[in-house]
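Following: one structure in structure tokens, then a few remarks.
Letters A, B, C and D mark the chains as written, and numbering starts fresh at 1 in each.
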């Protein structure tokens, strides 16, 4: 796809580095797409594996076998990708030489990449019998593959920037929400504690109801039944709308600002390009 | 209604073409209204038909008969509308002649129109006994009538444009949401898997809980019951507010931008009109 | 409160007219407050009355008696208010004389006011025994008192203007939502119709599930149980977020625009006032 | 942390006053952090105490003992903090002398601080046997510690300002929501009252359903079952989206405005600083 760009690079390593670490987030080559697909597939296979492993699930044995095989392949691919990246990182002046490589190994991106394959690789190579406990632990570490996604899907950066922009007020809204949850639990504890002790008999118990109600999830496992309790719960539910409305309002304006900045940057780029051409 | 416009067109076909395909989305003639009403009525009748067809529903037989009759009429009307449109399309230079007509037939709009009547027409004409399987398949194709709506209701274009504008960040927000759903399921699988194996015994099972909770639907068929599980679920529910807040925020700013552009275009039009008059 | 303004008016009628119909929405006199309180109290008493009327409710008889008495007083007050308004309306040039008064009687505001007291007044005066059916009908008409609120609480106009501004796209969003609800019902009908016929056996039945899920209410009386049904329901629930997000986004930008316009008008007023003083 | 600032103050009291009442909300010293942590810990311990106090909870006795001890320490710390603040307030010209101190004691902040420790301190000192009723009352007053949070976490002021800015329309939206809740209850009372008397037999009963549905909580303890009732409930649920959307839209634009103002103020500050330096 971007083969024509090879001329820009003096060496094959330079080409591979540029290919693994495109400097423009808008670029999306097939390499990136392949890794994203592999991560998604390995997360889905992890979910299916936890199901297939169970004795009470009517699933043919080969499913589990195939998933294990697929997972081994993924581990080798990610190991190979990491080695390639480790070698190509020499193009980056900050990561040149032994000290530079150590600095690279200590970077969060490298650690993520390592945790995404190394634990399982070690177990695959050195633990002869498949011991459940080790496997479960290694499996949990597959979660780090989720973090690989964040790096490869460029649109994540818009969401990340907007969250950063919303920062302090978003935290404040969460504090207000937490205070609301606590207050609601305390109120229902005083009102309904006598009538429904198993659900509202203590603040800790009432907190479960309060969280489920204020986030408008409403499972229906606990709810007040006295008249006063229902009036209080109704007011709490209405106040719960504010819990949803505040972060939404904050995020809405943060995204609006983020879009405006992106738009300006794009226009600036267009003007610069026009100047260079002119 | 727009009869006075006939003078603009040299031929009857030209008039009919303009009538079927108004170039200004703000126009809404009775032809459009009639088709929208027919589509809505045929969708409602489809819903009632699936009910009337059932043996356990106490509904008089003539309801089903009338719905079938109504549906046949709708099929003929849509067939006639398509033929009219096919003939009138000769006004469009791109669709003139045999090649042009074939190009028209291959356009998404024409395919939608054809799928909205042809399968049922063929069954009505050539399948003598009403065979259940064929009918069910043809009935499912009535869904394409929904797509006819999108063309005729002009306000849809505002929604469509805003969705396009929100594009990349909306997809990113959906990816973040998917990751959140997965993480929540994994967490509850580790915490509650032992205590409630039928609901949280595997990641796939926990995913059902996680989707129902994070979208704040909260059916209440599954929920954690251990203390740790409830604390985790509470945090997940609070995080679920973000799943609603992010796309809302993104769409809010996209719509604001869309409104601003519409307003500007309207003002530009007014200025142009003033110039032409002046 | 506004007694000092009496000098502005040549007659008592003029003063009363200005008092009943303040020309500035920001004014809020005790007359307005009293009517708002009466309306709210009469709506609450209606609710309690429907409870007290029941044989299975443990409520003392005097509650019902007192509510009936209170309601009669309210009917007379509203009758008096209407007569006062009818008389004072002579100050309005458009409503002067017999023809003007008839024109006033035909206005929506006057009709609302009449329906808020006349039916119950007639029954109170001319139906000797309290007949249940007549009373129930008259009681239902008390709803028109809700409309009186809209006139007296000035902030309603901001909400009304924003809704008008959001107009077309809001309708489009509702159409998209309706289409989504229909599609979800159709999908679950095909997928779960066999497994849970009482809940998904027809599109009409599935529509109940689909509405409850897409609005994220989620009562939990019906939900899919097959694997495919749950996957579909999960996707539907995620799409349901959009149903909430679109109107919210539209309303958010409409309110933002409304606030901006209000702000400008206030600044304009301040400038005008400064000019007049200068 | 801010020890270098001591030079600014002539006395130790001046230093302590500035330390307790930083004039810049962006400042966050370890004293503030410690009080915030103490408040949060004492609220959590209150929740656990209500649980530990119960006979049916399997919790070791020392938990309750430790919580009581912790709470006594917190009471003494808050008492000491208040005395320190009372003494240091002499730095404030408005609170100097006996009259000034009395004025300080009557201020909301001082009352909050007093209610956060005095009732429990008095009981600890003067009620020899731990009487349940007195303790429960004193415990409830611990809620005032929540208000201490509002003063110390600076981001709360952004949320507070945005709420003030949204003021009138937010109240209007709440009124519209209340009217919607009432209307929905009345509608379902007429439609479902006969079929499900225990849930919809009176407007007061239907109000519970209506609040739970319109806030999209949806416990699932009550829902309509007749065809007409379900259609009405579906429409109510869809209208409920508006109840969430309106306040969200209002808050979104209020926060956007608040952010804009903050941004301007920051830029103004930067310009002022540049001028002073230049």
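In this section, contacts are C-beta pairs under 8 Å (C-beta built on N, C-alpha and C of every residue); 3 or more make two chains touch, one makes a residue touch a chain.
Keep in mind the model is a prediction, meaning the values are calculated, not measured.
Novice: Taking mean CA positions as centres, which chain lies farthest from subunit B?
Specialist: D
Novice: Same or different for subunit B and subunit D, when you check if over half of the residue numbers at their contact belong to both copies?
Specialist: Interface between subunit B and subunit D is built from largely the same residues.
Novice: How much rotation, in degrees rounded to the nearest 5, is required to superimpose subunit A onto subunit B on the basis of Cα coordinates?
Specialist: So the copies are related by a turn of 90 degrees.
Novice: Distance-wise, how many Å sit between the C-alpha centres of subunit A and subunit D, to the nearest whole number?
Specialist: Computed from C-alpha means, the inter-chain centre distance equals 31 Å.
Novice: For subunit B and subunit D, let me know how many angstrom lie between their CA-based centres, rounded off.
Specialist: That gives a centre separation of 44 Å.
Novice: For subunit B, jot down the residues that touch at least 2 other chains.
Specialist: 207, 216-220, 244, 248-250, 252-254, 256
Novice: Okay, in this complex, where on subunit D does subunit B touch?
Specialist: So the residues of subunit D touching subunit B come out as 216-220, 248-249, 252.
Novice: So in the complex, which bits of subunit D are touching subunit C?
Specialist: Going through subunit D, the ones touching subunit C are 168-169, 171-173, 175-176, 179, 182-183, 185-186, 189-190, 197, 201-205, 207, 213, 216-220, 223, 230, 233-234, 237-238, 240-242, 244-246, 248-250, 252-254, 256-257.
Novice: List the residues on subunit C that touch subunit D in their complex, please.
Specialist: Contact set of subunit C toward subunit D: 43, 46-48, 50-51, 53-54, 56-57, 140, 143, 146, 149, 153-156, 158-159, 162, 174, 177, 207-208, 211-212, 215-221, 243-244, 247-256, 258-259.
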